[in-house]
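Okay, handing you the structure first.
Chain lettering (A, B, C and D) follows the sequence in which the chains are written, and residue indices restart at 1 in each chain.
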Amino acid sequence: MNKSSFKRMTKRTEFYIFIVMIALCIVIHIASSGQLLVPDKIFTILRAMVVDGIFALCSLVVMISGGFDLSFPAIAALAYSLSTTICLNNGWCNDNPIAGFILAIVIGFVLGMFNGWIISNFKLNTMLVTLGTQTFFTGLSMGLLKMKEITSTLPAGFKNLGKASLTTYTTTVGNRQVSSDLSVTIIFLIIFCILTSFILNKTMFGRALYAIGGNEVSAERAGYNVKKVKFILYAVVGAVAGFAGMLRVCLTSQSVPKALIGKEMTIIPAVILGGASIFGGEGSVFGTVCAMGLITVVSNSMLLLNIGTEWQNLFNGIIILIGITVSAVQAKRRNG
Amino acid sequence: MSEYLLEMSGICKSFAGVHALDHVDFKVRPGKVMCLAGENGCGKSTLVKIISGVYTKDEGEVTFEGKKISKITPAEATQLGIQVIYQDLSIFPNLTVMENLAINSEITAGKKLVNKKRWEATAKEALSKIGYNIDLHARMGELSVADKQLVAICRALLFNAKLIIMDEPTTALTKKEVEALFKTVRQLRDSGIAIMFISHKTEEIFEISDDVCIMRNGQNVYSGPTAELTREKYTYYLTGRNLEPDYFVPKNISEEPILKVENLTLKDKRCKNVSFELKKGEILGVTGLLGSGRTELALALFGLEKIESGRIELKGKEVKISSPMAAQKAKIGYVPEDRLTEGLCLQQPIADNITLASLKRLSNSLSIIRKKDIIADANIWKEKFAIKTDDVRKFASTLSGGNQQKIVLSKWLSNDLDVLILNGPTVGVDVGAKQDIHHLVHELANEGLAVIMISDDLPEVVVNCNRAIVMKDGLIVGEMTSEDLTEENILEIIR
Amino acid sequence: MKVKEFFKKNQYTTILLILMVVVMLIFTVTKAGTFWKPGTWKGIVMQFPEFGVMAIGVLFCFIIGCIDMSFVMLGNFATIMGVQYILGHTSDGMSDAQVFGVMVVAFLIVMAVGVVGGIINGLLVCKLNIPPVIATIAMQMVWLGLSTGVTQGNTLSLKGVPLYAEIGHSDVLGFIPFPLFIFILVFIVAALILRFTAYGEKLYMCGTNLKAAKFSAINTDRMIITTFIVCDVICCIGSMLMVSTLNSAKADNGESYVMKIILILVLAGILPDGGIGKIGNLIFSVLIIQMITSGVNMFKGLNTYHGSFIYGGLLIVVLILSTFMQGDGFKFRKTKKIKKTE
Amino acid sequence: GNSNNTSSTAASGSSKSASSASSAASSASSASSSGSEAKSTSTPKADGETPKIAFVGKVEGQAWWDHVQDSVNEWAEDTGVEVTYQAPAEVDAAAQVQIMTDLVNQGEIDALLFSPNDPDACEAICKEAMDKGIIVIATEASGMTNVDYDIEAFDESGLGAFLMDELAAQMGEEGEYVTMVGSLTMESQNNWADAAIAQQEKEYPNMKYLDERVVDDSDADIAYNKTKELIQKYPDLKGILGTGSFDAPGAARAIQEMGLTGQVFAISVAMPSEVADYINDGTLQSVALWDAGVTAKAMCNLAVKMFSGEEIGATVDLGVDGYDACAVDGTLVIGDGQIAITKDNIDEWLEVGI
């Protein structure tokens, strides 16, 4: 039994990505003469993963259901821009950011509902719909609503959350003391990972996503209300995207309406790298987190690896290319 | 309370002008097996979908257990006790066997959370209903068609169904599995469940059914007990003509073999040490159990499987067939077993599908091609095969299964071939069309074509082949020529 | 009654036509004076060719069921190579004929890079079974990376070689702007290929069901690679037009064109799912998008994002509308694609 | 307007536009309707007649350019002159040139004011505009030929040197430093950085450039992560010289969090609103700025002057602070718009709304 479950594990893409990630970390650690696997660097990498990690989870659940969401960055951007603007105008959130987060979640939810309504009601190709809504939401935010950057005037509640740390690690670099914070927001990433994993594996809703991704007609015949499931899915993804966007505002202390444009183009390859199938029905939180980790580690080690600035894009592209090649070859092997 | 479990009267349904169902009356008695038979495209699947709530009827009345039903959803149908095993099986290829078995009942039970133990118990219970054994944690997509089918059947049995509908459940099963399935069906029937059964195989209908309903062109032409029906009458009702078994009489077998396979072993070892010869004018049957490697053998000859050792000779010369293109050049054609995924471009015109493998012939030296020629070429085949359509420019998806199969056949027959490999050429094809196809293959063989016919349908092999080989576990375990080529002999070897 | 039949058969084209008329009407009512100026239209026909040409290239990919995200960056890299060659081989004293000769070689270099890019995309997709979107997103990063690396991010200006821009700004036959001429040329050739060649026929069939095409003795791998080559070469032509408008090549020029072109194709009813799409519709959708973009610039209070808002909304409306009709449009509905892996 | 359509632009005083007469003729037929409205700058206008101005920014929806747009609109309101502001959605030369092409071809404008994403890319359309008699004024575009004037808020190498001087003072004229830019493809940012390095080589021999130009994709969060990595990589790093407006805010955040205030210094061009917190708490000592809004107003004023046929001499008063006595050198007009933002003056600048 144990042997066969191990064999099954080796058939999974996640397994390989995990090994690649570990191997790459070790390689980089050695190449950078021991500067990667140290607490302060790990703190930095974890912090850099928070927002992208939550976005990746959004993208993952949609992809498992056989969809393809291009609009979540646009939703997040509109949600946090509106939310911070409202908070600022009303003088909210100077002590704690909860109101802002609730607002962003609600706005994200409403925008997600719009996606969900179109996708579930008209049974349209999700990539096309979300391409449309992405353009539409961005246009709404920057054109009609004329969202502006909010920087130093950002309510203090947001800034404080972004600066709050769980623990601080101090070390001596050269002849000076350098301290690194482990951001509180990492908790949110962990919560979301556990929650997503739980929903996907332990609830009928999660199984519905896999079932729909595997065979939508069968799922309908099996008794799932596919329409409802999809509607809820996109609405919730919208809400979570809004939340993640708000986290970004806190972490950067600025609300820049344009900041997330094009984000989907880096998140989606990462999710695929983590073993999710673009055809639906495949993918796991573990794989996604590993892939996200891999990418974050690489992009935060370029300087340490002495890769010239002008070649960093190329290096990034090649890593992604190799990664998806590995996962594609692995998928091919598995499917015979 | 009426004596019928399900009563349908005057059912009409049309799709964009096509009358799929035209005032059909249909009744099922509880605790009986009801067979629904009819030519391809006569509306059987459509009727099933109306019962199960997938389609809504245009006209007519449905009564289930004496209650009139106006409009139901698939979920409501399940609750009423109607279970359908669809032609496409409705399984989840990405989930495990256990999940596939348990998921439906979990949903119906309105469960919100997953309990692996309960799922496993449910799955085991389902399998035990027909005494079938399989790794519960295997991925569904990796199973063979037969295993998928059995899982789907087990899943349906889980429900306290009053009516189980099976749409062509035996197409992908071999004799042995069909027997197992029938045992289950009888068992269910005896426990008071009504079974509705669609099949194109005459033998099966007479073996299993209590009542028969025969449809033609969207109307029912016969309804009543099977006992009152003879086979002749049955085929007559079905096709409107009298059909005699049309045994293949080879007239024109060449001296020298055109194809010679020696010690062929495939890379993945699904086929080992296979040797056989094929002469012009022959129809060579290849049969065996599921997973016996017949498909792989055919694919190897068509350049889609990697060969490890052994040689293939065509007209005395060794050839390397590395791709379908090479096979076409060597004048070998292949009609795949799964027409939907391997044979057809459903969302393209019928004409383009028919001419897909002969574009080279239809285009000039600049590879310029004219739609007119495509249509003209397609129309020839439409006439020849009596493909049921008014316009070859319509999409292939508008045809029924049997007519789609005819397209796949004509795609290769329109090529100039030496060897034609047919893999399950009449799967899901009605008797009438089957006869047409067989007749045509006979003619072609007698004109000098060498044919390999892979089939599970033993009568088909016996009637149409002058020679047959039987495979088991990738090995050839028996060869028979016309005298000893009988169903009994084949079955003996397989067992 | 032929007209009526045409509309019935081409419901989607009809919708596009109506849309175009509506857009024109709106601008006519609001800004008749500006909108109907010859200058405005000159602007419109001067601008759409560069991405219109690229859209034609990507159309080929869409029909075979692939999507190319790498074309803009690949085009930039190709033109950077070309421009570098031009800059390295021209000097002040050269005659126009000599410079032209250098430009021809540069053109060949650009085409060669396009071919290489197409082959790589094709190999990734058909040999390694990587889904096209993902493979080409990765390649996009690679090309951008290469261009940035090679140029160090600098602009390669063709200021010293005015002939290139002169050709780009010349009029063919005295009245057709050169970019428009190229667009028409590429369009006609593409339309002829799609309609009258065995390749075109196979393209649609492969796009509908690649496996069935493979079982019909069609070299599907070659089809995919060829299609990526066609796509990327045409896109490189578009990139060269862009170089002539901008008079320079750079790693990240035309970044915004990727989404714009996908939008245009989808609006034209040409879907990345493969197997469907009429090249004729492309004209309408390109014009609609360009009219909106140019139209927005006529209004003081409107910015570029109002344009996004309008055509994002338009796309959604068209998608929804299409579900209410039969014929070619209902394909926007999601059809489960048969997995490419066997 | 019933002015005649002569193509020589006496007011601009440059000879290059004389050569455009022939090409103007070729475009005259297609632009006949616009041609009659295109006003030659040589003809004095009747009192009260104002030009229609279009201003094309680098990008839509960034605080810096939002401020420019606001300033332009404010100027329009004050003067009653019609101005339309447009900018591309992304920092993309192609998209920007398309907007300019539309504006020029639609023939509704008398003056085209812009700040190019890529100066070379704009030459062709500017030439076309000038051929049509449209006044063309650029900013941040030194080296462009097809413009009537290019107004610079400061001397380009001056900004680089200024940034270096400030940084050097903070670092005590010794120690290691690196440079940071938004992207390698942003020409002006890279030029300023190069000028800064040149200044260091000339003036501060004890400082050492680590030959590292970091890119942050115009995203403060990336600047933050990169700064952390830099400090890890170079334990002795003392200065970060950025030229993009996201560099200093991101770097400051990292410096502050790592407890290195006073040990590592950062400077860049930045908007006061983005760095106010760090300036006030001392993480940053100064940033450089010019008020691009004021520059934009100066450009508008210059356009009006040219439109009314006013002679532009060796110096010109453009009517806004820092531009009241600009030196004119050929097409180059250099103002005195460069500002250092420090703790002392940041509040004033915050009120200006940048």
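Basically, contacts are C-beta pairs under 8 Å (C-beta built on N, C-alpha and C of every residue); 3 or more make two chains touch, one makes a residue touch a chain.
Bear in mind the structure is a predicted one, so any value in this text is a computation, not a measurement.
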Shared chain contacts [chain A and chain C, defined touch]: B, D
Rounded Å distance, chain B centre to chain D centre (Cα mean): 72
Centroid spacing, where centroids are CA-atom means, of chain B and chain C in whole angstrom: 44
Separation of chain A from chain D, taking each centre as the mean of its C-alpha atoms, in whole Å: 36
Where chain D touches two or more other chains, by residue: 60-61, 89-90, 184
For chain A, residues that touch 2 or more chains besides their own: 142, 215, 217, 310, 312, 335-336
Set of chain B residues in contact with two or more other chains: none
Touching chain combinations (by label order): A-B, A-C, A-D, B-C, C-D
Chain A contact footprint on chain C (complex, rising order): 69, 124, 128-131, 133-135, 137-146, 148-149, 152-153, 259, 262-263, 266, 271-273, 302-313, 315-316, 319-320, 323, 332-334, 336-337, 339, 341-342
Of chain A, residues touching chain D in the complex: 35, 40-41, 44, 48, 142, 147-149, 151-153, 159, 163, 170, 173-181, 248, 251-254, 256-259, 261, 300-304, 309-310, 312
Complex contacts: residues of chain B adjacent to chain C: 16, 304, 323-325, 327-328, 334, 336, 341-348, 352-353, 356-357, 359-360, 362-363, 366-370, 374, 411
Complex interface listing, chain D residues touching chain C: 30-34, 60-61, 82-90, 92-95, 97-99, 101-108, 118, 120-121, 123-125, 183-187, 190
Residues on chain A engaged by chain B in the complex (per definition of touch): 4-5, 8, 201-207, 210-211, 213-215, 217-225, 277, 280-282, 335-336
